[in-house]
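Chains: A, B, C, D and E, in written order; residue numbering restarts at 1 for each.
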């Protein structure tokens, strides 16, 4: 457990006027240095919530339980001072929608320099040089430091966010839908940049996206989320191309493949409605939309089972579906905890 | 949360009845939501109390006691059982005067606010709307309105009010006009700024793409979105208007024979009550104004929190 | 300058069979930017001469990178923007901009905007937002509620009652997008102009919506112009694709033709950068400044970034000079496959329209 | 009367609306654009000023009452004496003639002669300008700082205790008449009645008879306490309210999450990131108010006998001293116009998005 | 914080300074101050209120009353050391007579002057066109010719704009003006060589307070030593205050309302829109009888006035006339008034309001100065009282400008007025002569459109009557006419209310000694005679020194700011998590 990031049983509930919304319901993740972990999933499944929870950036209406171990230290239990020290140095974030993530009235250079000064990463007289270095790293001329965000194109702003995220040489970068809003050309540039960084500096990266092809091309491993849970997790290519969980396969199947005659004029979707997070169905939450659901699915909420794939039989893949579980679906395994739901209700803080 | 319309199964209703029903339901929902806001209820209750007292004043305040010759007490009596707030320099009960004065003060406060908020909102929305989407003709309309607004904005409000008050025949109506016609420009600017912001939102373009005309855009989209500004402005302006009445009196533009809160303050001032230490003459009218203004603010806040979907369901 | 300004469809009889319901006729839209009194800062030619036809029952995808003018063209088609030159034709008649004409036009042609977050009034419930179009055109009607519910379920918001009285901020991004779509469909338009209708949706929801469009096309004969930078979307639902670059359509043809065998270097580059494109040469990431509609390069507008020119291949084909100096002709909008590229023309001349000299 | 709150938009509303697409850097016409912009603003200001001058002139002519009669009321004067006064003030001339004379004077920065002081209005105004700027400037600056400070705190945590207490207190003061508050302060803090010592002077700007500059400065400071307090108390609410709502709008902005993620303390997030953005709409308000302070302190100056323009105006209004009042009117309006102009010119410096 | 040990007397004034040019200064405050800077040739005796010698030791009149000879003192010196001679006096008068710009302030005194000559250094001879009874009340400041002649010449037409602000001023009076800070204060220094002897205080400060309450508070705190124009409430409260003495003097002012008797020009052309029935004297008299002056004193002035009968206030015992016994036909008697009206055919309508025999409803406009609290209050009383005799009053309490327009356009029925009466009452009588009627609408000299031949004859007669008693008798008769005609109806003589600090001022002389006033004397007795109290009159007597004040202020501010800061500080650490 000496990995870079270790998330254990993370649960997040948003308090609203009409009761709590359990947006994240027990997520486990781990990530080593030099690794890239992709997170895919339905819109609203809690991906961004997880990302924000890692640095305790959620709004005050959110109740968070579980452990987030960043280099062995539990982020959720840190003192505020320590947490602030960890932010951006231990882990930094590239937010969804970088267009709005930059302060419109401050110069790019100042914004990039801010964490440098705050965390005293470099000597004050070196800050200017470091900013130039960072901007050049992401392919922006140093003169851009003098510009305000509105003078930059979306792609450029995204790159500024990345430069900023790199400023303090963090051990972990969380990239939340860093490329969704961009067109394919810029997306390609940015992905190339990120891949290069991970390879060169050996940092860890958590990449959230709903574009499976992006994840397959960029990540080592991919986790698929559905309704606040991870339903499948494993090596990127396997999860994207040979998914084990019915939701993951639906997602994968729905993803258009240009040139594939099967999807030509036949877009595939996932019928049925996403579950109401405030009132999830019993058993497996995916059951109402699952093509291969069985009666047992209505009672058992399956945990992540190892999936034996490939010739070596090594279980580096997991899926939360009775169909991949060992033996008969109805047979209970000692590792299954069907009552996992109950702990959602309790509050620990 | 309930759907805006519960379908009435089986019965065919005319569109108009439906619209009326929907409006009634919206109103009911508004009332229910409002009722959840404690501060808002408190403000409303205090306003209603003052309003009812003012309206029914003739029932329990003897008008003869409000005349100088019919004053029931001696001059400058401190508060007592008979005169809970003491008497003025003629021996009239200050409590009676305050209750009676609420009639004029509330009228001035409400009407002047109404005039200026209406003017300001109309001018602001029109200028903002046509400025951003009216084509050449619209932009001319808009810039004319804005020039006029700017012009009014630049004139010292007080000076203008004084001039108006001096020229028009004396009376409550004049005060209302003098205040209403002079304090609207900031509202207009404010509303215009907000309108411009709203007009730039894609949903306005969507409305136009749906075929909606100027009236639809202004009424359906712009108006609800400038309401918070208008509300905030309204609550502040009520205080401003009531005070303006007393300020005009201070500058000698009021009618000292009218009983209003401003008038009482002014009478207290001219009679030297302040330096004579006759606090019961001077403190109550000032507080009355503050109470009304604060109550309005509470109501305004409550309305805002009800009509703003983001504030709904939050802390009451 | 161009000998080809009046589009002359090569196969007139094909055109005659299905006259376009919506047509952009050499539409140009230029923005004079800047707000200082009297001081402009140059003109942005957001759409710079586009011919495009949408036949009844046809779905046309308009693809291109950010800022190439897709949204502007879509807005122009709806009459929200007046073209600085050229015209928009609906059922063969030029669009008139009097309020009354626009109103009846917009009864039949609907727009789905790019930004679902902004397209909904935060102070209006889902019900009100969807019913808005009905109210504008028909006033309050008795069967309003049923129609709203039907439109919502069509758009995949099921069961509709769950959403009626919600406010936009209580919806997820995908749900908002679907509300906007429902608002456009409730008027049962004949033509739908949709700007990135599924950009913020994940694959499964996206598929649902696209299926709906196809269904409507089949059942009601809906025509659609879908602007997107997502080539997969074109593959999924479109009959034809128009590739736009810097205000111009640079390649046009059926989806299969364009996406399977792209002719324009730009289209090729676009396809190559798709992560699992499987293009042999590997991704061609275009370099150079992003295109700027205020400074349209002379010659072929793509030439400063053109990998074919940069690699010297154009030189070899003997068209390099023309690339730098001659602006390829504006493509006409019909059903034919067309490419605006000197190099491609030299390569496979049959596909190109008449060139200017 | 207190000025009403304004949340003015940026120049031509550009600050509030969506902004035009970014221009690529390196526009060679930038200097020219800036000049055109400044020139355009100047022209607008000049036109406004002209309109105000015309309005001011005729506005006061329609006021009832004859200044000469009013000035000589209750005094033993003969018809000849009155006629002489009328002649001196040019009141015997037809109106258009008076206006032309007045307009011509304006060209030489001559605002005419005060009827009651028999001095050039310009001199009178210049003499009083300093005290007014001192008082109103101090008051506005303090009110703005206080209001913005409290407003930023209230808006950062809306609905909290601090917010409720602060807005209630501010609105209470907003709701009380200026002269009422001023006189109460005098009675409580200046007169030395009861057990309260008379801490502050009841009026004036400086104790008479003081000669040393330090002494005078101290005395002025002491004299300023009550009027400034009154002024601040009465007006800071509008800064508070605007800052509050503006910050509330800004609170959800994504760049604030970025700032927090960087490890900034909450205070710094607010101060460095949220407030500078939220400040933008208030800038025009502050400038507009700065323009209006000159006229807006009439009541405070009157109550505290402060020898400034407001008091001068009050005394001119009583007569009515047409020359003085209309001169002041022009000055009041001009100051608003000037400040609006400044705001227009400064705004682009603060908000990079609206730079010409 | 006073550095000098000079005795300082500080007076709170409420009027701004128009000018210190004695030829043009008109406002009460400036004429009052200038009275201390420049002597006049005669003054008023504080004991008797009679004309008294000042620069002129004595005077003679020729038989026809057209030549007056004034014999000046020979020990009067200006503050620059030059002696004051007959030449200065003659020059001053001549300048006023000849230069229109110099006549603004005192032109009325020289209206009947033919010529003024300096017979020798100590003798001035004034030739008149016609007899002028005010010759012993020539309250004209005599200025040094050597100072003013160059000024008059240099300024020319612009002389009226000359502000007289070359300080210190050169005058012969008991004080010299040394400083004027506009809107703040005026400083006068005692003239140690004044011929009457030096004043008790070394320095006089007139501090400007634009708010009367603030001035009273300043008196309480000891910031000023004297305040005037108090209200009854202030008097009541100040009377109970230690170290403060209140002086309630007999009024010099009368408060009146006039009834529009049908405005006419001198040519007899009627104009305006006064109620026609008011031309009937019976109605006018009934109106007067319907009003209880005593009640106006009680309610309108809260007792601080004297109910009026005649025109001249009782303070001027010789000229004062009050209807007694048989004469008092117009005393308050609503029953009699009703009876009179019934008889004269003013029948009550259904609503209780009478209708004139010509069929005009008796709804009368009443214009009241909105800026004069006593008038406002009296107006309300009158409106309520006249209802009792069937007259409806439309109470128009208005801005003075509107009121003045209504008066001069004769568009009024009842209108308020009031005059301050000088020891010589000539002027207030002159305004009711037929000569005062307007030559054309809007140019009236007086304030009532009153014109009565008998009255005019009496007026002429009193002008040339130099025998004091005989003149007083004529004046009484004129008042009786005014009374009976009931056009000019005096309601009350408001008291003069003022207060000073006894710990600053030991003693001060009133004018007249009995029931006299301090502020606004016709002479300079008060400030010249005032003696400082033992223990000094530190201007900050009651207060705390500047430093301490600022200190406390700063401490309070810091505490407040600190408190607010901590309050939020606490909260923000709690809120930090978001």
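Before moving on, here are some points about what is shown:
By our rule, a contact is a pair of C-beta atoms (placed from the backbone, for glycine too) under 8 Å apart; a residue touches a chain by one contact, two chains touch by 3 or more.
Please read these numbers as outputs of a predicted model, since none were measured by experiment.
A simple rule picks the central chain: find each chain's mean C-alpha point, then take the one closest to the mean of all protein C-alpha atoms, which gives D.
Ranked by C-beta contact pairs, the top pair of chains is D-E.
The greatest centre-to-centre distance from chain A, using averaged C-alpha positions, is reached by E. Centre-to-centre, using mean CA coordinates, chain B is 44 Å away from chain E. If you average the CA atoms of chain D and of chain E, the two centres end up 37 Å from each other. Averaging C-alpha coordinates per chain places the centre of chain A 89 Å away from that of chain E. In terms of their C-alpha centroids, the spacing between chain C and chain D amounts to 53 Å. Each of residues 213-214, 217, 220, 371, 399, 401-402, 576-578 in chain E touches at least two other chains.
Residues of chain A in contact with two or more other chains: 153.
Counting partner chains per residue, chain B has residues 1, 166, 201, 252, 269, 274-275, 277, 312, 314 touching two or more of them. Contact residues on chain E toward chain B in their complex (touch as defined above): 212-214, 216-217, 220, 230-234, 236-238, 295, 299-300, 302, 370-371, 373, 376-377, 379-381, 384-385, 395-399, 401-402. Remark: chain E residues 1-4, 8, 10, 16-19, 21, 24, 26-27, 100-101, 103-104, 107-108, 111, 160-161, 163, 179, 181-185, 187, 203, 205, 207-211, 213-215, 217-218, 220-223, 371, 399-402, 404-405, 408, 418-420, 422, 427, 443, 445, 539-540, 542-544, 546-547, 549-550, 552-553, 564, 567-568, 571-572, 575-578 touch chain D in the complex. Those residues of chain D lying in contact with chain B across their complex are 1-9, 13, 15-18, 48, 51-52, 55, 59-60, 62-64, 159, 167-168, 171-172, 174-181, 183-184, 187, 191, 193, 237-238, 241, 245, 281, 288, 292, 295-296, 298-299, 313-314, 317-318, 325, 329, 332-333, 336-337, 340.
Of all residues in chain B, those touching chain D in their complex are 128, 131-132, 150-151, 153-163, 166-167, 179, 183, 186-187, 189-190, 192-194, 196-197, 199-201, 228-229, 232-233, 236-237, 239-240, 243-244, 246-248, 250-252, 262, 265, 269, 274-275, 277, 282-283, 286, 289-290, 292-294, 297, 314-315.
On the chain C side of its complex with chain A, the touching residues are 64-67, 158-159, 162, 172-174, 199-211, 214, 229, 231-233, 235-237, 255-256, 259-260, 269-271, 273-277, 283, 285-286, 290.
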